[in-house]
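Mind having a look at this structure? Questions to follow.
Lettered A, B, C and D in written order, each chain numbered from 1.
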Amino acid sequence: MKGASTLDKPYLRELSNPKMEKPIFIQGLPGFGNVGRIAAHLLIRHYGAKPFAELYSPTFPDYVSVNSKGTCRLPRYEFFHSKLDDMDFVVMSGETQPSFDDVLAHYDVCGEIVNYVEKLGCQFVVTIGGVPITEEKAQVYVAATSSRLATDFMEKGASIYSRGKIVGGTGLTLALAKERGLEGVCLLGATTGFKADKDAGTLAFKFLMKALGKEIKEGLPERL
Amino acid sequence: MKGASTLDKPYLRELSNPKMEKPIFIQGLPGFGNVGRIAAHLLIRHYGAKPFAELYSPTFPDYVSVNSKGTCRLPRYEFFHSKLDDMDFVVMSGETQPSFDDVLAHYDVCGEIVNYVEKLGCQFVVTIGGVPITEEKAQVYVAATSSRLATDFMEKGASIYSRGKIVGGTGLTLALAKERGLEGVCLLGATTGFKADKDAGTLAFKFLMKALGKEIKEGLPERL
Amino acid sequence: MKGASTLDKPYLRELSNPKMEKPIFIQGLPGFGNVGRIAAHLLIRHYGAKPFAELYSPTFPDYVSVNSKGTCRLPRYEFFHSKLDDMDFVVMSGETQPSFDDVLAHYDVCGEIVNYVEKLGCQFVVTIGGVPITEEKAQVYVAATSSRLATDFMEKGASIYSRGKIVGGTGLTLALAKERGLEGVCLLGATTGFKADKDAGTLAFKFLMKALGKEIKEGLPERL
Amino acid sequence: MKGASTLDKPYLRELSNPKMEKPIFIQGLPGFGNVGRIAAHLLIRHYGAKPFAELYSPTFPDYVSVNSKGTCRLPRYEFFHSKLDDMDFVVMSGETQPSFDDVLAHYDVCGEIVNYVEKLGCQFVVTIGGVPITEEKAQVYVAATSSRLATDFMEKGASIYSRGKIVGGTGLTLALAKERGLEGVCLLGATTGFKADKDAGTLAFKFLMKALGKEIKEGLPERL
């Protein structure tokens, strides 16, 4: 933000410029059962992804975060990079989303995310979230930028999402990416959503890596 | 949206450029009894109108729509074109409106609509909506950009709308069009409004086509 | 609005350019007991003031008004001009205010009003409103851009307003005018505020004209 | 504001240009127990600080303030300057904050504050607020732009703040300052918060001056 006079719109700060080629972008934000955020953090920890960029926005809640050492900072989204074999991943997560009813803010922030991943050369976008269900059931749902892609992921074990709407950043990032000509899928882990749902998050994570051809070995990190 | 960096205001995307001359513009959005949307869809289906443009807005609700095949997209308004004898029609409908209390959004979106139809050469605007009544009664009300026009439509069977206010996009598009020097009417189908009111929508549709000199033959499509 | 592409901020339309010299500006908007609006309309009718400009704003409620002949138009504020002996008056009234909690909108609209009256050469601003009281009492309160002015009006019969705050456009137009170096007063008619309070509006009107040296003769128009 | 056409964003007006060198900036706004505002006013009165600048914002509440003499003015923040030995202080306080849920407004106003103090040459920022506790206890908490600074202030008697979040302008000004490369601390006086907490405000004030090497002598002004 140095040099910027005021933080009046989403602001992207790059910490480093890791080399990557046509990375897959994976977004996991807080929401129902925290499924998206848990899955993203599993990816980051499991593959040792390194932070390289941060996104700030004046539409994030107006609190600051303080860590255990008393250091404060603005709420933010973080972008992490990891290389698996020959595949580059960019994982984004964060601790917050704009207020539920601030529609314009969601368009603003998700638009900035798509701008950035497009600039990174990304051509495939994965958003992960939760979908509330009344009975517990281990299931991953999929919606996609094309029916062909939705069918692909169905054949890999997901169910087609057919409830009509996906609310918030999980749907919006994908739909805005589609408008730019990118492809991608939204994976929704079924969750009763009453608390952070580690199982649903783990299932979404495993499903994604399997779908991308990266079978996950047992022994995930204990703490999320 | 290709090329646009962020979707931070209403955005118009043209799919094709159908030839048209001084088209009549007809807007039917969701609302009381869904009268406007039903009437617009009857027009589109009855006359085989073809989509040629889409309007997106960051003030539309921040969900994405997913169809039965799992394909997602942003909420939008669609413009359809049809030619009846020598008369060009542009019909616009959509699945949503900006939030009820986001006043600025309504001005923004309706202003963009008027900009566009003016650019298309339109000089006459029809907006269709519902007006809540307590007793069921088949009736179409009219308000217009001039008292002469209101009287014209009254002589064709509508009642002058005299309750003082028309809320939302149905009134605003017409009033903004008036400010640009366009003429037009607002047709309000009486509805108890508790559910989608096919009868009120059909009545508004038939009344409009009759008023424009296009008697509707029996045998409307069953499904709306 | 012809020529303006979208109504995305307050918009001033001049209908004519009446000659005037250092006019006194008087604003009376709806509010507690409608005192301001009633006083403004008394001024307009009593002195045959003529409309010469209109102010539109996308932050006004998103309804349109329809008159008894079925003609619709956007909500607006209207400016009227009248000449009394050698004194020019500009009176502004309207049917609405921006939403109570849309703070930015009030600054926007009142700022535009002050811009315009400054351009008209106005150096003295009067805003009229109501102030809620629990017991009925005929009283006009005054706040001003300087303590000297407040004392002047106190000596003419008003009470100094000392409750600390004036909410909405009635206070804001005056305070913004003060920031531009204009002088003026805010007159607040005491009202129980449950309904349109003609007595309080009439008292504020009479007090103002007396304070300005224009004794009001009996026989005000019956209908407001 | 003379010259500015409309007050559509935060606006800074300088009344004078006191000479100062690398001043320490101290912000105390209303909030829990009014701790911040009370501490700031103690600073201003105790050291005879003089006002030299004012900040206005269209996101402040849309009321105007009227003093006991009937003079009205816009809500504002005021900047005061004082010199203690060889140390320059800029103290800012005000009577209000933007609406709790207007997130963008907080970023806007705090960003403008940081802009201005940076321009004044300030390199160290102190924000003072209250933190609600359930049992009365005299305690000052600290969060800082670095763990080193937090530890420094802990050694001077404060407790490290470890509850995770600081809400509103008190946290935001500091975190935005940090983004510009400034250093600073946030001091939070423990308060039950039910009324203006003079004790908590005084404690925060005394702690700050002691930490800065300025022991406060007894005999504070009685009235705040």
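Simple rule for what comes next: a contact is a pair of C-beta atoms (placed from the backbone, for glycine too) under 8 Å apart; a residue touches a chain by one contact, two chains touch by 3 or more.
Keep in mind that what you see is a predicted model, and the values were worked out from it rather than measured.
Where touching is counted per the definition, subunit B and subunit C have no chain in common.
Comparing the CA-atom centres of all chains against that of subunit D, the greatest distance is found for B. Per the C-alpha superposition, subunit B sits rotated 180 degrees relative to subunit D, a value rounded to a multiple of 5. Residue numbering shows that subunit C and subunit D use the same positions for less than half of their mutual interface.
Subunit A and subunit C have CA centres that are 52 Å apart. Mean C-alpha position of subunit A lies 37 Å from that of subunit B. If touching chains are joined by edges, the resulting network of the protein chains shown is one closed cycle, each chain touching exactly two neighbours. Chains that are in contact with each other form these pairs: A-B, A-D, B-C, C-D. Residue ranges on subunit C touching subunit D, taken from their complex, read 101, 103-104, 106-108, 111-112, 115, 142-147, 150-151, 154, 160-169, 171-172, 174-176, 178-181, 186. Only residues 1-2, 5-8, 56, 58-66, 68-74, 98-99, 102 of subunit C touch subunit B when the two sit together in their complex.
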